[in-house]
Each structure stands twice: as structure tokens, then as C-alpha cells.
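Letters A, B, C and D mark the chains as written, and numbering starts fresh at 1 in each.
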Amino acid sequence: MTNMLDQVFVLLKHRIVGLVPMPVQPILGAVLSVVAILAVFPGLFAISVLLERKGLGRMQNRIGPNRVGPLGVLQPVADGIKALIKEDLVPYSADHVVHFLAPVVLVVVVFMGYAVLPMGRNMTFVPMDAGLLFYFAMGASAELSIFMAGWSSRNKYSLLGAMRAVAQMISYEVPLLLSSVVIVMMTGSLSLDKIVEVQNQYTWGLPHWFVFTPMGFAAFVMFAIAATAETNRSPFDLPEGESELVAGYFTEYSGFKFAEFFLGEYVAMLSISGLGATLFLGGWSAPLEILNVVPSWFWFFAKIMVWICFYIWMRGTFPRLRQDQLMNFAWKFVLPMTLLNLLVAGLWRFMGEGWLRWVVCSAILLAAYVLGGRIGMRSKKFGPRSYRYAE
Amino acid sequence: MSESLLEAWNRPPTIEVDGEGELLEVAMGPHHPSTHGVFRMDVVLDGERVIKLKPVFGYLHRNHEQIGQTVGYLQMMPYTDRLDYFCSLTNNWAYALAVEKLVGQAVPERAEYIRVILAELTRIQNHASTIGFLTQEMGASGTPLMYAFREREKILDLFESLTGSRMMCNYMRFGGCRVDMTEAHLNAARKIVTGLPRFIDEFENLLTSNEILMARSQGMGVLKPDLAVNAGITGPMLRASGVNYDIRKVDHYGIYDRFSFRVPLGEHGDIYDRYMVRVLEMRESLKILEQALKDIPAGPFIDPKAKIRGFKPKPGEAYGRIEAPKGELGFYLISDGGTSPYRFRIRPPSFINLTVLEDMCIGQNVADVVVVFGSVDIVLGEVDR
Amino acid sequence: MLGEGLLKGLGETARNFAGSFVSKERLTTVQYPEEREPLPEASRAFPFLVYDGADWEAGLRCVACQICEKECPPKCIYIEKSKDKKPDYVGKPQIYPAKFDIDISVCMSCQICVEVCPFEAIKMDNQFELATDDRFGGLLYDRKELARSNEYYHKIHPTEAAEVDARLAEEKAKAEEKAKAVAAAAAAKAAPAMAAKPAEGAQPQ
Amino acid sequence: MKTVEEIKTAIETAVSGAQLEIVPNGSPSAEHSLLVDAAHAFAAAKFLRDDAELKLDFLSNVTGVDWLDKETTEKVKVTRPVEKEVNGVKTMVDETVEETKKTVTPGYLEAVYHLYSMAKKHGPVILRMRTGNRSDKVELPSLTPIWRAAEFQEREVFDLFGIIFTGHPDLRRILMWDGFKDYPMRRDYVDPDDYEYEPTAHDDVLKRAQAHLAATTTEAAQ
């Protein structure tokens, strides 16, 4: 029964595909999967937008949207309708073709990433051997669309935003990749399915998630930071830094194209959360062995939503960094840490079983973090201050 | 479409400057999310580095000085509310002080206490919201701002129950105040004062040790003390540069010599110091409030001989100034014996504090421009008047 | 340690998030059109004219002295005096405003008109929902639209209205006393004359 | 702090040739000011800032004042030869007649500077400068090189009063837009005719509103 529930979508797909003649079956299967992804993730986008607005509101002692539908749950629908019926303004001197293509490219590229994500047991659209590689290739293409948008708008704010976005995303791609390499080293595979399989084992009822190992945890933190920067989320939301650049690269977009950017951003967020969950939090595997009765796809989506909530929480709390600080942080702190982490992962591998490797690896990483942080703060002369008073 | 407009649109976005290469010229404002209203900065950028910055004023210019010269002395009082609409009560006080100086009007003791209480409450709510706006400009999605407004609301509720209006108080009169602060009002003020330290602690927890805030504000927008003095900078911004000059301590206007409070001073003159000086000033204001609310005597709240109608000062002039939350707010009045001033001049702190905006921004990043600008703490109603 | 302040901040927002579900203090929103906070008594919006009794036209306290018109800072009051007179609250015949307009779009709610009015005739209302889509006429209130009963005044500013009523009653009493005294004096003056008159009349022509 | 008289003598000894005058202030505040001639104002201001005892390092307030032409009428007795017929013979006789004489004191623009000391915590010292007249001789030396605080304020005085500060680094209009012609803070400034809807107009405004209405209706009729 639990197995049935777990595999309900897979079985459903097989049943439907079985209805058509053999030669058409692969195509229908692909179409079904695509439709499912295109239906589920924009739905999740709507939910996370609502969650963000409500959650942010609650953090700021407000209620948040509560007028459309009960408790405001229909707010995303209203927003969508509004975006659809708004006039689509294109600046006179903009490059019309590129201006039109930019949001389309973003949405397409972002959805491509889902092809390799295992969303449940046997629920990977394309179980690719080099899934991780494919994912990063697709993720990197998003920069193209952002640059297209910024350049074609012929707006100075857009241009500045696009420049920032490209610099930032390229910089953070490096730590993002390197922190994932740790997982590849531990599993010996680039296949995301394989990575989940490795984590889906239990000792004393506890899972073997990579986040519970020293270098896995370090990689997880680095990955989270880089993922935030990669999706242009607060505190790394400089490309659209509202207070300085109005709306950054999509300043000149309105109506449905604006909505597409919005959608692209959130879907990218969801997908990178999905990747993070797959790599470090065991993908679709349950957090405790006894919880395996709950279907695997539930765990996958639950982990995504928790990740999104953390994003929202950060957005509600932090101010934004500045461009050069962001770059410094990426190249001078996160990157060395990820490199060290690779070293530690190697050490872990060769030290063999036992408690010693836990202590050594944790100590190395912790010391590096504390030292690096302190040196970084010192060199920039940051720190708390004391004040004098005049009577 | 006209040819010139077309040309303007097709012009390349960069400008050529000798020796500097291609530069980007951006007009930040008047329609910009972080210019606190309608203010414009013409910024010339090399990449993201600021090469030149020229502030452009006047989008909210209503010529208050001309209004002041056409309407009578009392009639100007409600207009002063509309200068710095965040701190109408300190504006009222500065104007009342100038007129009282012009005619030699004494103020009863209770009225002085009421003025101090209201001015310090105004200072707290202004500083809190300024920090909120500052962090908003750093990109904190409004959380500190909302917390600041939560507390500000309590203070404004007190203002409304006392003066009848939340922001446009029009409360002070020459020789006192318009209505008395009853025991209920005083108790409400006491309740606010006891609740505020917790709020400031919360605020500091959220911000003071935040590494991102430190990175964004420490060493940014430095203002050297010599320049600050020479450029006539006043208020928290001056004290953040380490110059000990608080008009409450220097002029002892009102009854400020009766209270024990300290003046926090910064050391580096950067944005972080401006932030911290404001936080510490809020704490000092709380001290003043505690003392004032304890000591407030009974008595008349306005000089019974004070004239409301037919106010005609003798010819002469006076310059009255107070330490408003944003700096030195002064009113300069010349009377020719008529019912309205011959010359009415406002010395707006936020306007003059902008003198050094360019000096603080040059060489910084474009992202820092808005933060530096936010740390100056201006209200366009007062800048443009 | 790097990140300590960030964690502290995260803790603070989490506390507020959780607090918003349990404490009113951390969820300060008032959902305005449905939920309303009671206005404080001193709250003021725009001026209205007070009348006594049931008939607004007869009971208007305003005597068209035009002080408020003169003292109004943005000059939003326009008064035309009447040609005839009608009795005021004391009973003395007084001029009344034939026209009394306030341009609410210009008015800045400073209540200086209230302060300078010697007849307690103009007071501040606390009605603030006056939006209209008529840019010109819609916000120009004539005396009928401005007139409110004394009971209404009592309802919105009870303490102040009670003081005003006491003061007016005192004035009225004084005026009546004075009138009585004047009448008595007149009577006293008239009495000898009256006494003399019949004597005169008695004289045969 | 030194009194105004002492400051006056101090400046006179320090800046040779400076002509100073104390402008009394009739109000109870009794803050008398020093009138400095434009030629020596810069040197005097520099002295005030740098003098060890005064050290007026903080320029608080800069403003302009517009003093209109003053017309004074006085009755004077004038003796002049008048042709008179005395006993049928025309002779010239000196006669004293009373005449009203109108003298026009030319108006001027005035710049007022309020100085304080942040180092010594005293003040204010009020410095005044006057232009020659209100039309063509409106130059005054700028004190911006001495106090940066004057930068925007002098621009404002230039914008609203029309005093031209020579030596100001960037003298442009500040509150009004660049193409604006008049100086709106002058006492004789006439604001533009835009009285379109004035339901509660008074006095001058009423007259002008009516004139405007008449003008627009005739325009519309034509």
C-alpha cells in the first residue's frame, strides 16, 4: 500500500502511456513528464510567493496579503491576472527582439534544470549519468538571459543590474560547483539518482545524509550561500537591488514579461533548492527510517519548501551586501573554504572508519572558518565599536 | 515624435570625459525608490564608482519663506509642521522660540517641561525611523523600518490624543502650549518610555552586530570633523564625526540645563557611527524623558498674558535655534512692526547637511550613494521648503 | 565569530514571526475599513459650524464677524454677511452669515479658526473620510454642509463641549442679568416719566 | 565672548580700511549685527574665523533680505525769488515757501550671516553685507571659500533674491528651475497669473482671480 502511494505517479504515467501504440509511447511519456513539471512548479511558485509575502509580513508585525480569497490564498492568482492584462511596454529605443527573448530564454533554461532532479523514487525525468553536470550547464545559461534583458532595455539601471548579475553569478558558480564536487568525491558519481541512493541508508534509524558529515555540512553551508547568490536572493539581491537600481535588469519590463522574470526567478530558486536537497539532504529519502511510510516525493517537496522558508527568513532579516564585498566574499572566503573542503573530503576518505576522522575533519574546518572570518573582518577593519560620551 | 527626443533616446548612454574614458551618467531621482521623495542626484559613474555627484533640489519647493512673510505670526505655526513632517513638534518649538526671543516672551515652567517631553519623544521616533529607512536603503526589506514604525505609532497616538493630529501637531504657542498635558497624557508618555528600552534592545539585536550592516557602513561615507564644522553640518551627523556640539548643551534653551544626559560622539565619522550615535541618542533621550516626566510641575501651560490675536512685535530681529532631531533648526525673523514678519527665514538642517553629500560619495560605489544619502537623514519637505 | 550577528538577527525576526501569532503587540495591523481604532477626543480633521436647537439655520452660532476668515492661514474660509439680523443664542439680534464656505481641499486642519472664534461657533470635526471624485465643487462646503448640531459636538468632543456649554451658559446668564439690569434701569427711568406723563395728560388742554 | 563693539574694533585693527557699522537690533534679543563693506568683507570674515579668541568656525545661517526703495516725504522751507507785482511794478522778491520734498533712499539687498563657534561654543556674531542697489549693483563677495556651509545657502540667496556672489564656485539656481527669470523672494515679486479656481479668495487674490476669470472668458468668447 505504501509502495503504491509512493509510486502513484509513476504507475499513473505507465498506465496512460500504455494506452497508446508502442512507437508513440516515448514521446507521450516525455510530454506527460513535461506537463507535470510545468504544472507543479509554477504552482509551487505561487505557493512560495504567497508564503513569502505572508511570512515576511509576520516577521514585520504585519498580516500580509489577506484580501483575495480566504486568508489571501488567491493572491497569486490575482497577481497573475493583473500581470496578464497589464500593458506590455517596450522602451522605444530598446532592442525589441532581444528584449522579447530574454524572459523566454530565462524560463526555458530554468525549467530545463528539472529534467535531472529526482523528485521521488523512480521519479527522474531523464535519469542521466552526468545529471549534475547537465544541471550546472543549464543553470549557467540563466546569466545569458539576464544579460540580454539588461543590455536590450537600453536603460542605465538595467545595464548596471545586468553587469552586476553576470559578475555575481559567474563568481558564485565556482563555489557552487566546488562544494558539489565534495559529494561527487564521496559518491563517485555525477548521477543525481545515485547520489540519493547513497544517502538513502540508515544506521540506527538515522539517515546517511551528507549534511551530517563534517565536510558535507561545510559544503552544505557553502552551497546554500552560493545558491542564494546564484538566484539573486537577499542578501545577495544586488542585480535587482531595489533601493539603488530601481529593479535592476528588469526595470524596463512590464506585464507578462515581468511576470516571466518573476516566475523564472522563483522557479530557479525552487530548482536550486531541489538540487541542494538532493545533494545534501538526501533528496527524496525520509529523515528517519520509520518515516519511510510517507511517500518519497512528499519528502522531496517538503525539503524544497523548508529551503524556501529559510530563503524568506533571510530576506526578512538581512541588509544587502555591496558588489565588491560580494565578490570578495566569493573569491576570498567561500572559494578557499570550498577548496579546503575538497582537501578535507580527501582526508576523510583516506583516514578510514573511526571517530578520529570526525574530530580531525571537524576541527580543521571549524578552525579555518573561525580564522578566515576573523582575518577577513580584521583586514577590512570591521567589528563592533565602543563610543565615548561628552557630558 | 519630435526629432530632438528621438536623438536623446538614441544617444549612447555613456559620456566621454578627457582622461577618464567612457563614463556613465545616471540621474538618480526624482523618481527613484531611495531618494526620500523627490530629490535628484546627477551621478557620473566609472563602472560603479562615483566620479561626480550633483544634488538637484527644488521639486518640492513651496516657498515657505514667502508664505511666512504674507501670513501673520500665529498663522505660520501650522506651516512649520509641514517643513520636516516627521518632527512637527520640534519645528513648532524652534519657531515659537524665535518669536519668543523677538518679543521677549517668557514661558511658564510647565510649558517648558511639556515642550521637552514632546521634543524628546519626537527625537526618538525620528531617529528610529531614520535607522529604519537607512537599513531599508541597504536592502533590509523593511523589517527594521516596520519595527521602528510600530514604536513610532505609539508615540504618534500620544501626539494625536494631546494635540489632535498625529503629524501636523500645530501645538506650541508663543509663551506656552495650546492645551495642557493632563495626567492621562503623562501616564501614556510614561508607559511609552518604559516600553522603549526593550524596543531599542531589539533593534540593536537585529542590526548592531550584523556583519553585513558593518561591512556596508563601516569606513563608508567618511566625513572628517574639520570639513563637518566648516560645512555647517549639525546634529547626529556632526557628532558622529566626533565634534562635541549639541545645542541643547550649548545654548541651554528651554530647560535643558536641568537634565543630566550625555552626548554620544562617534570617532570615524562613517555611516556606522551615524547609525550608532542615533541609537545612543535615543537612549539618552529616554533618560531626559524619565527625569522630565518625574519632575514636571503643576502650573499654567501658557503665559496668560500671551497674545494670540493681533500679535505685533516691535521692529527688530531675532534668530532662534534648537537642536532638532536632524540638526540645528533655526528661524530668523525680522519684524518691521507689522502683523507679519518682514523677513522670515528657515535654517533647514537637512538642506545644509547635504552640502557634503558629494564629498562623502566620491570614490564610493553607486550602492553606497543611497546609503550615504540615507545616513544624512533628510526630509524633502524641509530641504526644498 | 563571523556570522554571530547574522544569527542574532535571524533569532530576532524568528521571535517576531512567532510572536505575531500570539501577541497583539507583535501584530499591530488594524484592518482599516472593517476595524477602526477609536479616535481620541482631541482628534481633529476639518471645521464645522455649531448650531443650537433643531433648526440649523436659526440656531447657527456664527455671527459672521469674519475673524476666522482673516486668521485662516491658507485662506480657505469665505464669508458673506447678511443684510438683516436675527437673534443669537442670547437673544440679541445679530448678523448671520449669508454665505459661509470652506474649501476643504485647501484647509489644513490647523484649528486656528476654532482658537480665534469668540462665539464658540466653529469647531473641529473628526470626520476624515471625505474623499470625492469631484475635484472642484465636491470639496467646497457651504454652510448647510458645515452645520452640525451641538449634540453632535457633544458626541465627538464631550469634555470640550461641556466646557463650552458652561461658558456659554455663564455668558448668557451674565447677559440676561445685564439685560435685566438694563431693563430695570430703564424701567426705573421710565417710571418717573410714566408718573409724570399722566400728570401731564391730566392737564386739561 | 567679546561684545559687538569689541569685535568691531578687533576687525578694524586687523583689516585695514574695513568700514564697519553696528546695526542695532530693537528687539529684546538685542543681537546687534555688524555691517561690513563689501570690499573688505572677505578679509573680515577670514579674520573672524581664524582669530584665536573668536574662532567663529561655524557659519550657521546665510540669508538675504530685500529692503525696498524708501520714499520719505518731509516739509522743507525753501527761499526762492518770486516775481511779484508790487504797486503795479513787477519786481523779484525773495519769499519763503513751504514745499514737500520727496527723497528716495535707494533700496538694497542684504546678506546676513550668523556665525557661531563650535570650538569655543559661543555666538552668535551677525555679519551683514549690503549691495549698492536692487537692480544692477548686486554683487557681493562670496564667503563660501571661508565656510563651505555657505555653498548652498548663498546659492539659495542668489536664486531667491538675486544677489550675485562673486567667487562662489558654483552659482546656479537651486530651488527654482534653471530657466526661471525672476527672484521670488523679492518684496516686489509678482507671482504668475494662474488663478483658475479660487472658491474662497480674498482681497488681492480675489481681485486677480476675477481679472483672470474675465480675461479667460473673453478669450473663450473670441
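We take it that a contact is a pair of C-beta atoms (placed from the backbone, for glycine too) under 8 Å apart; a residue touches a chain by one contact, two chains touch by 3 or more.
Note that the structure is predicted; figures quoted are calculated from it, not measured.
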| item | value |
| --- | --- |
| Identity of the chain that, by mean CA position, is farthest from chain B | A |
| A-C or C-D - the one linked by more C-beta pairs in contact | A-C |
| Distance-to-centre winner among chains (Cα means, whole assembly as reference) | B |
| Intercentroid distance (Cα basis), chain B paired with chain A, Å | 43 |
| Inter-chain centre distance, chain A versus chain C - centres from mean C-alpha coordinates, in Å | 63 |
| Chain A-chain D separation of Cα centroids, rounded to whole Å | 67 |
| Residues of chain B touching at least two other chains | 143, 147, 150, 206, 208-214 |
| Residues within chain A bordering two or more other chains | 59-62, 316-318, 377 |
| Pairwise chain contacts under the document criterion | A-B, A-C, B-C, B-D, C-D |
| In the complex with chain D, residue positions of chain C that touch it | 69, 75-78, 101-103, 106, 136, 140 |
| Interface residues, chain D side, partner chain B - complex | 25-29, 31, 57-61, 63, 65-66, 112, 114, 118, 121, 124, 126, 147-153, 160, 173-177, 184-185, 189 |
| Residue ranges of chain B touching chain A (in the complex, touch as defined) | 1, 9-10, 13, 24-26, 32-34, 45, 48, 135-143, 146-147, 150, 206, 208-216, 218-219, 244, 246, 249, 262-268, 272-273, 276-277, 280, 365-370 |
| Residue ranges of chain C touching chain B (in the complex, touch as defined) | 2-6, 8-9, 11-13, 16, 28, 40-44, 67, 71-73, 108-112, 115-116, 124 |
| Contact set on chain D toward chain C in their complex | 197, 199-202, 205 |
